[in-house]
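For clarity, chains are labelled A, B, C and D in written order, and residue numbers in each chain start from 1.
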Amino acid sequence: MTSLARIFLGLVLVFLYLPIVVMAAMGFNASPLYALPFDFSTHWYEELAGNGRLIEAGWNSIWLAVLTAVIATALGTLAALALWRRTFRGRAILRILLLPPIAIPWLITGTAMLVFFFWTGIGRGLHAMLIGHVALAIPYVVLVVGTGLQTLRADLEEAAMSLGSTPIHAFFRVTLPLLMPSIVGAALFAFAVSLDQFVISYFLSVPGMTTLPVEIYSAIRKGFTPEINAISTILLVASMIVILGFARFARPGGIGERS
Amino acid sequence: MSGVDVTGVAKSYGATRVLTDITQSFESGTFTSLLGPSGSGKTTLLRIVAGFVAPDEGSVRIAGADVTGVPVYARNIGMVFQSYALFPHMSVAANVGFGLGRRGIRGKAARAQVEEALEMVRLPGFGARHPKQLSGGQQQRVALARAIVIRPDVLLLDEPLSALDRRLRQEMQVELLRIQRESGLTTIFVTHDQEEALTLSDKVAILDRGRIVQMGRPAEVYERPRTKFAAEFLGDANFLTGIVRAGRVEIAGAAIATEDRLPPDGATVTLAVRPEKIAIRPADAAGSGALENSLPATVASVIYTGTALTYMLRSGDLSLKVFAQNSDGSPLAEGSAVVLSWAARHSVSVEG
Amino acid sequence: MLKLTRRRTLALMGGGLATLSGSKLLVGPARAADRITVLNWQGYGTDESWALEAFTADTGIEVVHDYFNSEAEMLTKLRTNPGVYDVVLINSARSQQAAGEDLLTPLDLSNFPNAEGLAPALRDNAYLKTDGTLYGVSWVWGMNALAIRDGMDEPESYAALAAPEYRNEVALFDDAVTMIGIGAFLSGQDMNDPQDLDKVAEQLKAMKPNVKLLWSSEDQWNKAFSAGEFDLSVYWSGAAVRSQRKFKLPLHFVVPKEGAIGWLDSLSIPATSQNPEAAQKFINYMIDPKFYVEWATKVGAPASANEKAMEELPADDLNREIHKPEYIETMTLMAPLPDDRRTAFNNLWQEVKAFYAA
Amino acid sequence: MPPEVGAAGLPATRRRMPPWLATAALLLPSYAWLTLAVLLPLTAMFVFSFLHATPLGNKPVVWTLEQYRAFHDQPYLLGVAWTSLAIGLWTTGICAVVGFAAALALVRATAGRTRETLLILVLLPFWTNGLVRVFSWTMVIREGGFLDVFVRWFWPSAPSLGFLYTTPAIVLGLVHGYLPYMVLTCYIALLSIDDAVIEAAQSLGARWWTVLFKILVPLAAPGLVTGAILIFVPVIGAFMEPRILGGRVGVTMGTVIEDQFTQAFNWPLGSALAFTMLAVVLAVFATFSGVLRRSAAT
């Protein structure tokens, strides 16, 4: 049974990485139209090295995603605690209010934000993108952490309090460690939501200060060159190294265990 | 000295009244069971004593100090939860030592106390394990050790044995009793299992719809239930309702004697008679004149369980139940006429 | 790098905080006097790096770009970002709308020395004017017609889009105005104001068995064509030049007998521009034959509105072959559409697409 | 400064924060942020949906309900809505089965560092650009693409397996994009399952399917529900995948709405369609969660 499960996991990973491998390979293919047969070339990486705009957009994306993940995870976790650990009137409504940001197509949300931010004087720019990204990521964080809370027994906190823990101490010693897999997962999602967010960034970015997905989205119009594959590949490999390295050296039980 | 005093406590959730004016003392060092069906308010009362729930009215004193406004964590209680609530991310020793740490006891002193507590629950040397590696019974013991190691003013147990299988439950009952006696902690135990309550407790409190209807020693509560509910919830009972006439109660043509004080003639009263207190004999057999009460009846059905027999009988409009020892191996046949008899002191007058 | 990134982080955080506290500090990038922002499609001439370098070297004016992905979006950006843009590309069919909303500055052609070479029909085009005032400098023009894979018969009519020999080999342009225009041609109506939309729908729906995909960007078109997904397509003239020249794709551009759907792109200066003089210089550079020739030969471009520029191209240049001067007179330009007609076009095209998908 | 100490060395009693205040303090940051950045702008869009035309430029403001009559006036939209719903259900269903199984395999068949690494590997594709991923799929599944090249290595005369520009292609792209949500939410839910529960069930003679459907699936229900929300809801409005992978058949509510915003510049109609869709999605989930709660209660 176990080996069957592992084979299945392997197949899922093959499925997930198939287009990623294609993406990486095409970054090394000479054809600008991604045409086959494959013709090895590092041309696109050379082009990329000279493309300051794309590289800067890449850095912007990373910083934006990191800040989004940190802020959204912190705020969303607090909200999840209230929504799944406390009873109060209006709870159902507040939960439902998490859905519009997910359900309404980003294009509409982005247009709405552009107009609204214009009216209120928030304007456009990296700060506006940050506001937008965090707002989009919060529902994901709340729902993921909420799932963790639903499956985490409430009596553990009570047990800690019966032994003399204040609610805050109980949260940090008992709830938080047990909730870690959900919180880390939520943060990874928030990071991904921001990193992959093009529609809203597109509306809220100012000329000369864009993110990678915005560059890619704009490029659909006119030339989606393998440079984009190159930078995407670099980004993925870098994040793989960082995050797997982090998992390696972080204390055990961060995301994999709840015991 | 009082262990826990609850005075005038009431609690409602919205329009639902969960507890109504509870006033009760739990004496220091005693083991008291709160017994009642689900929804009777026993768990709410326990959680009010613990401090998880704030009462709408009334006050709670623990070890002489008023703790009504004191949060759980400042009350110095020990609590064992239904599902044990062991911290899965900590070792057994860390679990047991958790409350000590909150009380500023750390290091060597803490380790010694933890080991002592683990010995008390017969799990010496289990400190390094994780809760996941323990059986249900062992987890139960760790939860108990964790609650008693802090020397709480009161030990609160919330149906701690209900998740165990029958054999393990009986074993743990013995353990629990031993540990409670050894530690001398004032203990309040919530259960819906009457047998468990009778076995373990110094005192039993019966709760019905948010009130304590009777509290006393197990034998006292069993032998002299004060209400119909108490009589029925703790054990089995036959209820005979009739009218008082000249110091006796007229029921189905018979005049039933009791030793309880009765209201004046003409009043309606209900008597409870435990099924095992009633002797049964064929109508044509020689009578035993020693018992004050006798009632003719017909056997409606017999349930044969080996060591004992349960007779369902009818006497006029009345349905009765009698437990008899299976002493001669030949139960009375269905439809046979019998005479039931019992002592006057076993007719207990109860409130509706 | 470290210093830069830390500063950016601080700016991000500071920006977030400042916004939360209602302050308008740090909003938008700092603007320099010698800097202009251009709003255009990406990769559409104005952002060629060699051109910008030359322009900056010449004038000391730095050029920044922002892009749009649809004309509606361009208008939205203009409306919601006053003061941000200095030059904007507007299709002549949209110029009157933008001018009507007071989004544009009136222009005086005498400020654009290179304007003398502009073809009069384009320079003085009525669509670029509102109440007799000029709001746009005509820059480039082009046609939407057909592209066919080399080696296949040239279609004579748009009817080929529905012809059985191209079964599952056709790509259409996902644009309501263009497609309704083709439907109007096929049903013998005015492409800008077809009276009988049912007939247009009938013509378009008849293409269903042939339609493989709907393209919305040149990039998508190139990739799908190079992968052999289709042989016949509605296509842009300028893009056809680029596809052949830059990507060596085997195709040629055909204007069928019904004619082409013409369009004229102009450059305008937003009413709120902070730097109209620099904007004028930039527009003047954009209609300079020197810039055009380089753009058209190096990269591939639509036809210049500047006749002199076209004449400077080599005689056998692909661009000249495709964009014959007589088309300026004969093609039908996309006209400004009243709102209800535009809505009707969009609804019809949406319905046709749903029909294709079903 | 030594901390204040109460009876038996416990922390001193401070006045308790009223519960409502604590709840508000937990909720306020998130909801204030959400309100400012998303909910208020969307409210404005909702208001726009009752207008005749996009309220930018010098257009007169005319209030109307006509946008909400779209399904009546343009009946073909019903077909489009049905296509979107079907794509959403297929995608969610496939993600649920595969994601649940993958999460179960992670929880039951791996442990420690391996498990951590594998989970991260499942989530990482999420960190690449969605558009790039979709474009990569076109290269795999088009006629003569990588899939065909791979098959023809073994069987040179194989017919093309390419299925680009079909509905299955859209579903494939969407499943690929959204699967990690389901894996993570199911994983979190399954983590809390005690080995003892499964062992107890097996000791009572339960077969694997009993364990699966009576224990694992109900226990993972919160994860499945959250995953379904995170997938079904955005998939209904997705437009990149249908457009790029669907070709001619890629007309969905998402693309129709997108067209209203980009090509047609008809924000009122676009937002009316989007809010109608939101209402339908909420109704689906209200029904669904009611059914689920009942079945979980039995």
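Methods note: a contact is a pair of C-beta atoms (placed from the backbone, for glycine too) under 8 Å apart; a residue touches a chain by one contact, two chains touch by 3 or more.
If you're wondering where the values come from, they're calculated on a predicted model, not measured in any experiment.
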Label of the chain whose CA centroid is most distant from the centroid of chain D: B
Contact pairs, highest-scoring chain pair: A-D
Chain centroid nearest the full-protein CA centroid: D
Whole-Å separation of chain centres (CA-atom averages), chain B against chain D: 51
Distance between the centres, which are taken as Cα means, of chain D and chain C, whole angstrom: 36
Rounded Å distance between chain A and chain D, as computed from the means of their C-alpha atoms: 14
Mean-CA-position distance for chain B and chain A (Å): 55
Multi-chain contact residues (two or more partners), chain C: 69, 76, 80, 220, 223, 227
Shared interface positions of chain D, touching two or more other chains: 10-11, 56, 144-145, 261-262
Two or more partner chains touched - positions in chain A: 34, 111, 115, 131, 153, 164, 166, 217, 220, 224, 258
Touching residues on chain A, where the partner in the complex is chain D: 1-2, 5-6, 8-9, 12-13, 15-20, 22-23, 26, 34, 36, 75-76, 78-79, 81-83, 86, 88, 94, 96-105, 107-109, 111-113, 115-117, 131-132, 134-136, 138-140, 142-144, 146-148, 150-153, 164, 166, 181-182, 185, 188-189, 191-192, 195-196, 198, 212-213, 216-217, 220, 224, 228-229, 232, 235-236, 239-240, 243-244, 247-248, 252, 254-258
Complex contact set, residues of chain A against chain B: 153, 155-156, 158-167, 169-170, 173-174, 177-178, 253, 258-259
Of chain A, residues touching chain C in the complex: 31-35, 59-60, 63-64, 67, 111, 114-115, 118, 121-128, 130-131, 202, 206-209, 217-224
Contacting residues of chain C [partner chain D, same complex]: 69-73, 75-76, 79-80, 97, 100-102, 174-176, 211-214, 216, 220, 223, 227-229, 339, 342-343, 346-347, 350-351, 353-358
In the complex with chain A, residue positions of chain B that touch it: 50, 52, 71-74, 76-79, 81-83, 85-89, 98-99, 102-103, 130-132, 146-147, 150, 156
